[in-house]
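Structures are listed in the sections that come next.
Both complexes shown next keep chain A, but they swap its partner, so chain B is in the first and chain C is in the second.
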Partner chain A sequence: MPRPFKYLAFVRIGFARARAEPAEHYARVLFLLVILGVFSSLWRAVAATGADVGGDPHTFVWYLAMTEWVLMSAPHVHFRIEDDVRRGDVAYQIVRPVSYLAAHFAEGVGALVARAPVLLAGACTGAWVFGGAPARPLAVGRAIAFGCGAALVLTSYNVLLGLTAFWLGDIAPVYWIWQKLTFVLGGLLLPLTLYPDLVVRIARLTPFSAILAGPASFVLGRPFFDGQTLGLALIAWAVAAALIAVTTFHSIARRLQINGG
Partner chain B sequence: MTTYIKSTRSVLRFSGALFATSSASAMAQRGAFLMQVALMALNNAIFFTFWIVLFSRVSRIRGYALSDVAVLYGVVAIAVGLAVSVAGGGPHLARFIHEGELDAVLSQPKPTLLYVLGRRTVASGIGDVGSGIAMIALSGIVSLSRVPVVIVAIVAGATIFVASCVLFNSIAFWLGRIETASRQLVESVITFSLYPEPLFGGAMRLLLFTLLPAGFVGYLPARLARAPSLAVTFELAAAAVVYSGLAWCVFNRGLRTYSSGSRFEFNG
Partner chain C sequence: MIPEGRFQFLGVRGGAISLIERAMSTPAVELHDLRKTFAARVRRGPGLRARVADLFVPRSHQVCAVDGVSLRIERGERVAFIGPNGAGKSTTLKILAGILYPDSGTVLVDGLVPWRDRHALGFRIGTVFGQRSQLWYQLPPRATFELLAHVYELPRATRKQTLDTLIAAFALEPLLDRPVRQLSLGERMRCEVAASLLHAPGLLFLDEPTIGLDVSAKATIRELLRDQSRTAGTTLLLTSHDTGDIEQVCDRVVIIHRGTILLDAPVDEVKRRYLRQRRVTMVTAAERFDATQLDGARVVATAPHRLTVEVDAADAAIGSLVAAVVAHTELRDLIVDDPPLDDVIRNLYASASSSRGTVEQRDAISSR
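Now for the complex of A and B:
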């Protein structure tokens, strides 16, 4: 089979697997709605104090809908890699005539294609119900377009995260830290502009700001990056993830072949 | 009566032994155990930065100051940490049911639910407990004299959290594979309980004191920690009894419909 088609098959597998578990989609949508409900209440309460938080509560709900949509759409491929390592399946998977990393990424893309539209519908409905109609509909469209790319980049970082299982066995603790860095440096719940300058400066040097705050901040009317910079940043961070993953996996595979799986 | 006391003692002894065994198993890999504990504490600290940033812009949100949120967060972290340390099987119950993992414990002489809940200790729970204690201490509004009340409140919150895990996961007896849905319901309880009580009113408030008992896991225990009151203590104790009883009944009713996974495994 020609090379790209092999991976297309993995995309199809990922898509079919994700579609086979509709309950998971609904549960995620439900959780997304819960988060939007909680935060719309919180932002309304903050607005009632009269404090200047740099925006109105309705726009903040749309911002949160976009960041959560990107974050929740990216499939947890890292846990699949962890399973492979734990069960020892990786020993036979790396000798297959496909790249282990590319296969997992392709499966992740398939799951993303199945999951993202459902979550997007949930996010937009939730944001509309809790925050009202978007103040800038075109900006929401822009956020969605860049959000699709950002979710792909996040999937590639999830693959990278999964590789830590070769050293740690259990990746949950690393995942929590990764998740919380996404939370702060990505501006998941609060727009990055509300954080102290130092945090904002650090955030700009990480992929988190490009992945979450980048696309979502379009709906605030004060984008964290302009469109062109964000596009380039997402490409650069995707290339960085791919390079680190390939180099790391190369040394892992060599060690596995010498010492056994 | 004597028989009842004897059997209760026996169950308590068994619970203690089960906890000791599962803790020893969790600590077998000391490095990984310590790392999970430390990273969970760090995880909670990072999450709390959200509130620090928000309260740097507003002094109070519907009567809640940063110190009140710290108490709420601390109480919930300790309750959830305690629950997953002592009854770590609770959040995974749906998977045990769906994959037939109850087979191995059905023939055991002690109550099945107790066995299933206590057979696992989640190491990160200790990190939750540690960070929760730190947050309550740093809040500066809980004096040492209130510690016994806080302990009662936390134990009640932990009991209700375990009961809600059992209730949400027991749906698997009737609906099959619902792990993700039950996990999201459990996470919703934690999520809601971490935000100030006055944010939610009307139907939402009713929901948080019934179907998603975040009110009993977070709000009432935190209220008790901030201002001890006999009435709230009784409310909380009553809720713990009701939810535990309900969880016990639903699980045992579900157990009647349980079909074996034909699993064979050794239990040490």
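Now for the complex of A and C:
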């Protein structure tokens, strides 16, 4: 069997594992609906005062639905890696004739395939209920297409984030910083076009803007990147994540210490 | 036709047959002067200033886990690698499996350098870590077996047959479709061992495979391991604190203490050489028997019609003992036990301790 096809088995097991925990999907959908409900009320309330919110509050709900969908679809591979390191299960995985990183990524892809459609259905339903029908249905289609790619790239960065467990043991501090950067520089809650110029320029230099604002901003009618640039940016950030992960793991493997006896 | 030049480094002269012979004569494991140290963080003490200093200028000291271990294990051998906690046995095992890099020394496992040829070695070795799991917790064991069949590139034609053989040998049929989280520890361990054997490895490294199991589950795992080794010729290298694992699975015992090998000998020889006492239980016609009449015997237990004593096996004392008993009463039964291996190992650790300092956690050796 050619080696790359091995990883399809990891995709399958990631899919099966995610399907074995349906309650987690439903909880995520519920959380997404609550977020959409709260923020749509907030924007409507601000718009009702006559203040300029920088766009149509209904369209913002679709924007938020898309950013949250991408963010919540990407599986938390980093916590799986942290568990491996903490419990020492990495000892089992590292001796297998497969790449530890690719196996985790493939397992994450399987979880993503199981999770993304459920969350997308929840996001679109919530956006429709709280924001009305999309003003640009085709743009929603583009956002979904690029969003799938963005969720894959985010999964690769989650693998990278998980590798910090080999140094720190507990990834919580790094994850906390990473999460906040994603929220701010990715334009999770507000379109990046509403941010000060300096922040926008910084955001363009990070993967966060391509991962969240990039696909979601299509629904605003003022995309943060045009389609071609976004596609190239996602590919470039994915390649960067892969290179950093492989180099880092090579170094980790040399100084690996397994927890426990 | 195998090109000669390609295998010159192996010293092959006579083509494929010689190559196979050579491969068969290659030991399963060959270690020479293996050393491994770890850097352990040293805290300056309590208080904020010390904490800040620890954060920015960390101090560490080197802990020597393996200190010049040399070992050769032939194919098909069943070797117990034992020692107190922190002796270096798990570290050695992890170096052999290619998980850890040694600081120095040469290591060949099935002719491969583990950390350099980790991918190729992965196909030839199996690992069982008693305190870890390779099964997907939320999924049934079948899902892990199917995944591992792909990982180890088992041909589709033989995959089902291999799996069926293991399922039958390990009696896994009722467990296959239950989520792992619903299995008992013993059931899970049967699945873990089966998963490690799926690709028919020539070598199986086991790190405390029976830890936490009940008596019956331990016996099952031991029997399965022994049978697997006998029928498939699998080389076993096992670490354990449980002397039952050593006696019932292994033929050879290597005792490691503070990173160096204290003893390397057949299990039976260890028992004979290092514990000269034999425990003799006699069932007599007389309800009570005055044990003070027996020279050189120490009474261990007495009961109606039953007397257990310890004698020095080296002095042919058992014959004298029996003669002394039959001179006074009818001897209905006689049971001579080998010395418990626990005692042998405890004595070895103790002697190492007296020559090198205290032995940490000597009592980690569990009773059977």
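Some notes on this structure:
Here is the rule we use: the second predicted complex is superposed on the first by the 255 of 261 C-alpha atoms of A that agree within 3 Å, B and C clash if a C-alpha of one lies under 4 Å from a C-alpha of the other, contacts with A are read in each partner's own complex, and residues count from 1 in each chain.
One rule holds for everything that comes next: contacts are C-beta pairs under 8 Å (C-beta built on N, C-alpha and C of every residue); 3 or more make two chains touch, one makes a residue touch a chain.
In this text the structure is predicted, and so the values were computed from the model without any measurement.
When both complexes are overlaid on chain A, the residue A:170 reaches chain B alone and has no touch with chain C.
Once the two complexes are laid over each other on the shared chain, residue contacts for A:135 go to neither chain B nor chain C. Judged by the touch definition given at the top, the superposed model places A:124 against neither chain B nor chain C.
Shared-chain residue A:102: touches no atom of chain B or chain C.
When both complexes are overlaid on chain A, the residue A:21 reaches chain B and chain C alike. In the overlay built on the shared chain, the residue A:240 is in contact with neither chain B nor chain C. Of the two partner chains placed by superposition, only chain C is touched by A:10; chain B is not. In the superposition on chain A, A:91 makes contact with chain C only, not with chain B. With both complexes placed on chain A, chain A has more residues touched by B than by the other of chain B and chain C. Shared contact residues of chain A with chain B and chain C: 21.
Of all residues in chain A, only 21, 23-24, 26-28, 30-31, 34-35, 37-38, 41-42, 45-46, 48-49, 51-53, 168-170, 172-174, 176-177, 179-181, 183-184, 189-190, 194-196 touch chain B in the complex they form. Within the complex formed with chain A, the residues of chain C that make contact are 38, 85, 90, 94, 97-101, 118-123, 125, 127, 129, 131-134, 136, 138-139, 143-144, 146-147, 150-153, 179, 207-208. Against chain A, in their complex, chain B makes its touches with residues 32, 35-36, 39-40, 42-43, 46-47, 49-50, 53-54, 57-62, 124, 177-178, 180-181, 183-184, 187-188, 191-192, 195-196, 198-200, 204. Chain A meets chain C in the complex at residues 1, 5-6, 8-10, 12-13, 16-17, 20-21, 87-89, 91-98, 253-258, 260-261.
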